[in-house]
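You will see chain A twice below: alongside chain B first, and alongside chain C after that.
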Partner chain A sequence: MKVTIDGRPLEVTDKMTILDLARDKGIYIPSLCHYPGLVPFTGCRLCLIAVKGREALAPACGTFIEDGMDVTTNTPALQKTRRQILELILSEHAGACLACHDKGARLDELAAVDEAGPAAGRSLYSNNGDCEFRKLIDYLKPDKAQFPSLDGTLEIRKDDPLLDRNYNLCVLCGRCVRICHEVRGVSALAFVYRGSRAGVGTAFGRRLLDTDCQFCGACLDVCPTGALIEKSAHPEILPDTENNTICSFCGQGCELTLFLKQGKILRSVPAKQGSVNQGQACLKGRFLVSEAVYHRSRVVRPMVRKNGKLEETTWDEALAVVAQKLSGCPARDIAIAGSAHDSCEDIFALDKFGGEGLETENIASHGDFTAQARLRDFARLQGFEPRLNFRISDIGRAKTIVLFGENLAVSQPMVWLEVYKSIRNGAKLIIVGPQELCIRRCASSWIKLRPGQESELLIGLSKILSDSGHAAESAKIDGFAAFKNRLQEFELSGAAASLGLQEEKLLKLALLLEKRKPTAYLFGAEVCEGSSGAANLAALWNLALQTEGLLVPLSSESNARGAFEISAFFRKKDGPPGRIIQGISNGSFLTLYVVGSSLRLEKKPAAFVVIQDSYLNGNSDFADVILPQTTFAEAEGTFVNVEGRLQKFERVIEPLGDSRPGWRIISHLAQKMGMAGFSFRSASDVFQELTGRVPAFHGLGREQLTGGVFLREPEADRRRFAAAEAFAGVDAAPSIAAGPDVYKGLEMSRDIKDLRLIRGR
Partner chain B sequence: MACSKAWTRHVDEKILTEHFGLANLYEIEAYLERGGYRAVTKALQEMTPDGIMDEVKKAGLRGRGGAGFPAGMKWSFVPKTSDKPKYLCVNADEGEPGTFKDRYILTHNPHLLIEGIIIASFSVGIHAAYVYIRGEYEAVAQRLEQALAQAAQKGYLGKSILETGFDLDVFVHRGAGAYICGEETALLESLEGKRGHPRLKPPFPATVGLFQCPTVINNVETLANIPAIIQKGAPWFLDKGLAKDGGTRIFGVSGPVVRPGIYELPVGTSLREIIYTHAGGLKPGKKLKAVIPGGMSAPILKADEIDIKMDFDSLAGVGSMLGSAAVIVIDEATPILDVLKKVAKFYAHESCGQCTPCRIGTSWIHKIIKRMSAGHGEKGDVDELVRLASNIKGKTLCPMGDAASLPVLSLAQKFKNELESCLKDGSG
Partner chain C sequence: MDIEKILKESGTSQKDLVPLLHKIQAAYGHVPPESIAAVAKHLHLSESEVFGVLSFNRFFTLAPKGKVRVTVCQGTACHVRGGGRIVEEMEKKLGIPAGQTTADKKLSLEKAYCLGCCAIGPVVVVNGTHYSLVSPQKVDSILEKAKTAE
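And then the complex of A and B:
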């Protein structure tokens, strides 16, 4: 398509709006309500432009390019129209803001407002000192206020945690309303009233706390004025530096921008170009980073227990105590429990130290208990090689999404945003699980069942599909005949009865999966564990083959995949990973080295306990030595996210107190014990050795990690149906069914008499 | 605009209001006795969907809601090859001040509308129709529900109507009192359970409408004309009109006239005739000052401008509009400022709030007029009104901006002297 903007001939291939094209080509058209990724609202009318041959002015943000269009964006007449509209907005804006673009007067003005009383309040400034509205005023330069401004008549809402709402500054651009609805799927904010009372608010004027608000902060990030303002923001404390990092609070690896002043983190916002999160974050990443880094329970000095009391000491002394104890202990009596929240470098150093330095076989890796690890273990036992890497955007291609139990909106917010987007585009969501989740309102059905019944449902669906007329496609896949044969024994009516479902419902569900392909199956560790874990995985595997399904194993730890890939490399013999955890719980080891706080100790588990962690917590009571570790903000390193995407992060602030990165602690300890191969000077050194040795990381250069590269994995096999034995109820996959419920971060269920404990997130 | 038709029509020949005198026309038995549902029978059993659409096109039936878009043309925009369901929405959100025609149709002759709905749905291939009725019309909605139940019982609605295999369900949905929901896309939003905000066009509802599916939206009066077109033919209908478009209009006359009420007259009847012949002229002692010819958003006509044919094109020719054909008569005793105040208050209250010029502009217009009305008007206020209104006109997403600004502009221009005499400096 050919178009002309302000006399400039331009060529366009994609369907796009005039505003998008103009911005792309560096032509500025003022706008308030437009925000990338949101449906055009065309409310502010500041982007009005003239299209040749059209009588009325058109909003650039809502007018799509047509071939041969001749557009004028900047004439005195247009600027006058825009200025008049801006004057109208200013007439409803708080008076103090009229002086706001005069920067010199700004702080004085604010001070005056501060004294002016509760009507104005302290909220009269914009987020991050970056007021889009002010920039617009600077651009359009309204000469004088045509109308007296109606000042501060609305009460400032300060009754919520984390953010205040001052609707005296609201320009009704609707960005917050739209992002809450269109992107986040929450709709906590909406337009209220009409006419001159029109505004933004919650249902019945409630606090956000009493709505569905998830406090993701998306509304704050899109607000062009100071109507929505973070409680922690202050007009006189403006950041001097900003740095990007990878959030470590869950397994998705969102890119965050941290704002700093004098080397201290003020707050965090999602990075606009983040490859995983694309400008979105959740409560944790948006509001809790500085809380987590500067938390009062941070431990920043090494501690050694003396006379029953933990006392601060030097690294030298602390490491010497640990080195001495470890040297004097036989390898079989030493156990190490790693954390899947640490960076690849930390995990590599720890596993190398345990496996090659101490030569112990007792290294428990948190990562071995995730859905990904279980899927691979299961598949390899069957003789397959599964694909673990995926892209969150792959889920968007599915027309039917089956979700097992996880409350995605909380546990995997970015995955949920993709699922929600697909639902908006017409995909169907089916939730399977015992709990009613808040995202159920977006689902087309909820199959309520008891934990462990998943395989019954899945096999039932497989049976219906294998008998249907469309089974021809599946018949081309290896092992179908045997699979179908085995399904003959399966009684649909019995399964339906035990699931408490009508057979009709199962048939409908199967029809949906058949008609709306491709499908995606999202599941967490809960589905893969316990006595039914293997059967569930087998049933999932087979159903996915029948329905062009994508298997998406979800993990919640920031480096679950990295942890299990690295630990698999160092693992000397195969065996149930629950064995070591069981051993720790039984007190079978003399010396225990625990990293992180995901292993929850309830009693002193060994004669000598070393804890390497960033925080003091319940576990500290049993520690003989505490080695203070940095958090992600104070170290550099790499994480592998749930997709299998390897992302690096840089150090943003200096380590607090004497805390050190995990790999450095281990290196010093190893050197103290006289071990060779631990002369790492930087995280890059560790990474280099890691990429040289661990197959999944082979040849991945640290430099190429902007936006992330994916881990290497063996070519996935030709697709084949899982063996019949797999769903005979035999637990073929490694299990920690009998194991203790010690990994508190993991979703587990266990039988307590007739009750089942469900670990929801 | 040129019209060759002779001015010989018997004005008592009605299409919509013929049997309004009957006390129980809304009962299906009475309606059937008067030849009701014969048009449906004819359309479904003897005509093809395309044949019906052609007939409606030829009849020159223009939308009776206000914009006057040709009805047959609107139907033909619905894509024939779409795997999505199609919907019909009947706009019964009669919110334009001065307008009360649909209310009469719905109250006295609901089956006429139902017949129209069935024929239109059959023609376009629709199996679900929604009647969006304004919230205040509670009794009217009940009556319509009753009529629908009767029609369904007689087999005119539901599965396989008249054994033709054509299915149709009609649902009544009541609004909640927002003027904006009479705008067709806001109506769709409201029907979907959302806040009544107009949608960006294109895409037009004919392709992406209710629940993202192709949708026809017609006014009550428009659809009520369909049975007559089917029964008596397009030429007969076209011939009824005294202008280029066919048929009759229901003129709702209000104000200080002898007989205010609704008058069904040929399209193109002169405004003078409506006021002086049919409505009986002004009440004794009253003198005509001005007329708003097509609902409150239509620009005002002065007393010497009423020799005008009441059809879309003629009124557009003098800078006003036929709109919903609600004739509001204003006498000399009524100060124009009062009229302006009513107009301004209404639109300032009813702006949906989406577009800046309409939301804030209407409220400033209202504030200035209130000030003038309180005797504190300042020099330049009338010009300010014009400036504000021109900044709304044509600059908003939906026609509400125009609806709010046109009457203000016309009042301020045509009665500038009277308005300025209300200002501090003007009154001397």
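And then the complex of A and C:
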């Protein structure tokens, strides 16, 4: 298509709006309600432009390019119209915004206005010190508020944690309402009332805590004014530096931008271009980074227990004590519990130290018990390799999504955003599990089951499908005949009765899966655990084959996949990690080296206990030595996210106190014990050895890592129907009691009044 | 009629919201605030969304209304002919602002924006009975009759 903008001839191939095209070509058109990625709203009218041949002015943000269009974006008449519109908006906006637009107005003056503000019912800064609305005032230069001002009469809402809402500054652009609805799937905010009372709010003006709000902060980040204010932000405390990192609080691997002032983290926001998160984050990444890094329970000096009490000491002494104990202990009496929250470098150093230095086989971490680990174990026993890598965006291709038990919005926020996007595009979500989740609202049905009943449901569906006329496609897949045979013994009516479902409902569900292919099955570790785990996995595998299903095993630690790939490499025999965890809780080892706090210690688990962690917690009571580890903000390294995407992160701040990165602690310890092969000087050194040795990482270079690369894995799995029997009885994965894990965010949110409510629902 | 029954008879998608609120209001005379959660759940909406629509639409009310409803038109034509003064007069006489109900819960005063009979404005409607060409002087007698209206 050919178009002309301000006399400039332009060529366009994609369907796009005039505003997007203008932005792309560096032509400025003012806009307010427009926000990239949201459905055009055309509410504010500040982007009005003239299209030749059309009588009325058109909003650039909502007008799509047509062939031959001749557009004018900047004439005195247009500016005048826009200015008048801005003056109208200002009539409902704090009049002082006009003063604020003066670039000469210094921050301290603004703060003085702000001091006086509460009395006048206003607080005048935009939360990021970067007010979009002020820029519009600068550009359109209204002289004065032309209309009687209605501002300043609304009470500032300060009754929520983390953010305040000052609707005196709201310009009704609706960005917050739309991001909450269109992107987050929460709709905690809505337009309420009408006429001069019209505003943004919640049902009955409740606080956000009493809505489904997830405190993701998305509304804060899109608000162009100071209406939504981050509680911890202050107009005088502005960052001097910003640095990106990868959030390590869960397995999504969101890219965050950390704002620093004098080397300290002020706040964090989702990076706009983050490859996984694209400008979104969750409560933890958005609000709790600085809380986690500077948490009062951080341990920053090595500690050794003397006369029953932990006392601070030097690295030299602490490492000497550990070295001596470990040297004197037979390898089979030593156990190591790793952390799936650590970087690949930390985990590699630890596993190498354990496996090759100490030569113990007793190494396990949470990474060994995730859905991914179980799926791989299962498939291998059937004689094939499953693919574990996926892209979150792959889920978007599914027309039916079946979700097991997880409260996705909390546990896998980015996966949830994709699922929600697909729902908006017409996909159906089916939730299977015992509890009603807050995302139930977006699902087309909820199959209420007791845990352990999943396979019954899945096999029932398989049976219906294999008996139906639709079986033709799947009949071509290996092992179908045997599979169908086995299904003969399965009694549908009996299963329906024990599930408490009408047979009718099962039929309908099966039909949905058949009609709306491809499908996706999202499941976490719970589905694979315990005595029913094997049957569940087999049933899932088979149903997925019948319905062009994508199996999406979910894990929640920031580096679960990395941990499991690395420890699988060092594990000599196929030693079942479940036995090790069991052994630790039974006290079968003499010496225990625990990293992180995903394991909960109930009693002293071994004669000598070393804890390498960033925090003191209940587990510390049983430690003989504590080795303080940095958090992700103080170190560099790599994580593998839930998709199998390897991403690097750089150090953002100096280590707190004497804390050190995990790989460095291990290297020093190994050197103290006289072991060779630990002369790593940097995380890159470790990474280099890691990529040379661990197959999944072969040949991946650090320089490739911007945006992330995927781990190596076998080309495609052999597609064949599986039997559950082959897996049954093999080391049923233990369900591990959750440890006092700060990173999971639960402990932290308990510190903030009432916030735990969100995490639970 | 109980809410559950009304819900059962309604569809379950967003477009069913306004008709559903109408049914509830018809049954109760207002939309009971406690019903919002059930409505939201039934239609897969959030409570804020339901509240947004409800508070936007003048027809709906969350508080019970009096048996007598006095509606004063404030549409353009009636406004030009002094509809504003009629409301003020009514507010003064009844001692309540428009949009509210008298303390004895008998009478509610409401504003409307064009009732479709501009030629005879200013217009006041009392439970379906229209009064045309209303002047402030007529307010007393209208209210007098309103007290006995059914």
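Worth a mention:
Following the convention adopted for this analysis, the second predicted complex is superposed on the first by the 701 of 761 C-alpha atoms of A that agree within 3 Å, B and C clash if a C-alpha of one lies under 4 Å from a C-alpha of the other, contacts with A are read in each partner's own complex, and residues count from 1 in each chain.
Quick note on the criterion: a contact is a pair of C-beta atoms (placed from the backbone, for glycine too) under 8 Å apart; a residue touches a chain by one contact, two chains touch by 3 or more.
In this text the structure is predicted, and so the values were computed from the model without any measurement.
With chain A as the common reference, the superposed partners chain B and chain C clash.
With both structures placed on the common chain, the touch criterion links A:Cys438 to neither chain B nor chain C. In the superposition on chain A, A:Ala190 contacts both chain B and chain C.
Of the two partners chain B and chain C, more residues of chain A are touched by B. Once chain A of one complex is fitted onto chain A of the other, the partner contacts of A:Thr202 are limited to chain C, with no touch recorded for chain B.
Judged by the touch definition given at the top, the superposed model places A:Leu88 against chain B, while chain C stays out of reach.
Of the two partner chains placed by the overlay, only chain C lies in contact with A:Thr211; chain B stays clear of it.
When the two complexes are overlaid on their common chain A, residue A:Phe41 makes contact with chain B while staying clear of chain C.
In the superposed pair of complexes, A:Ile237 makes contact with neither chain B nor chain C.
Under the contact criterion defined above, the residues of chain A that touch both chain B in one complex and chain C in the other are 190-191, 193-194, 198.
Within the complex, the chain A residues that touch chain C are 181, 186-194, 198, 201-204, 211-212, 441-442. Interface of chain A with chain B (complex): residues 40-46, 48, 55-57, 59, 62, 81, 84-85, 88-89, 91-92, 147, 171-172, 174, 190-191, 193-196, 198-199. Of all the residues in chain C, the ones that touch chain A in their complex are 33, 36, 40-41, 44-52, 55-56, 58. Per the touch definition, chain B reaches chain A in the complex via residues 178, 180, 195, 197, 200, 348-357, 359-364, 366, 387, 391, 394-397.
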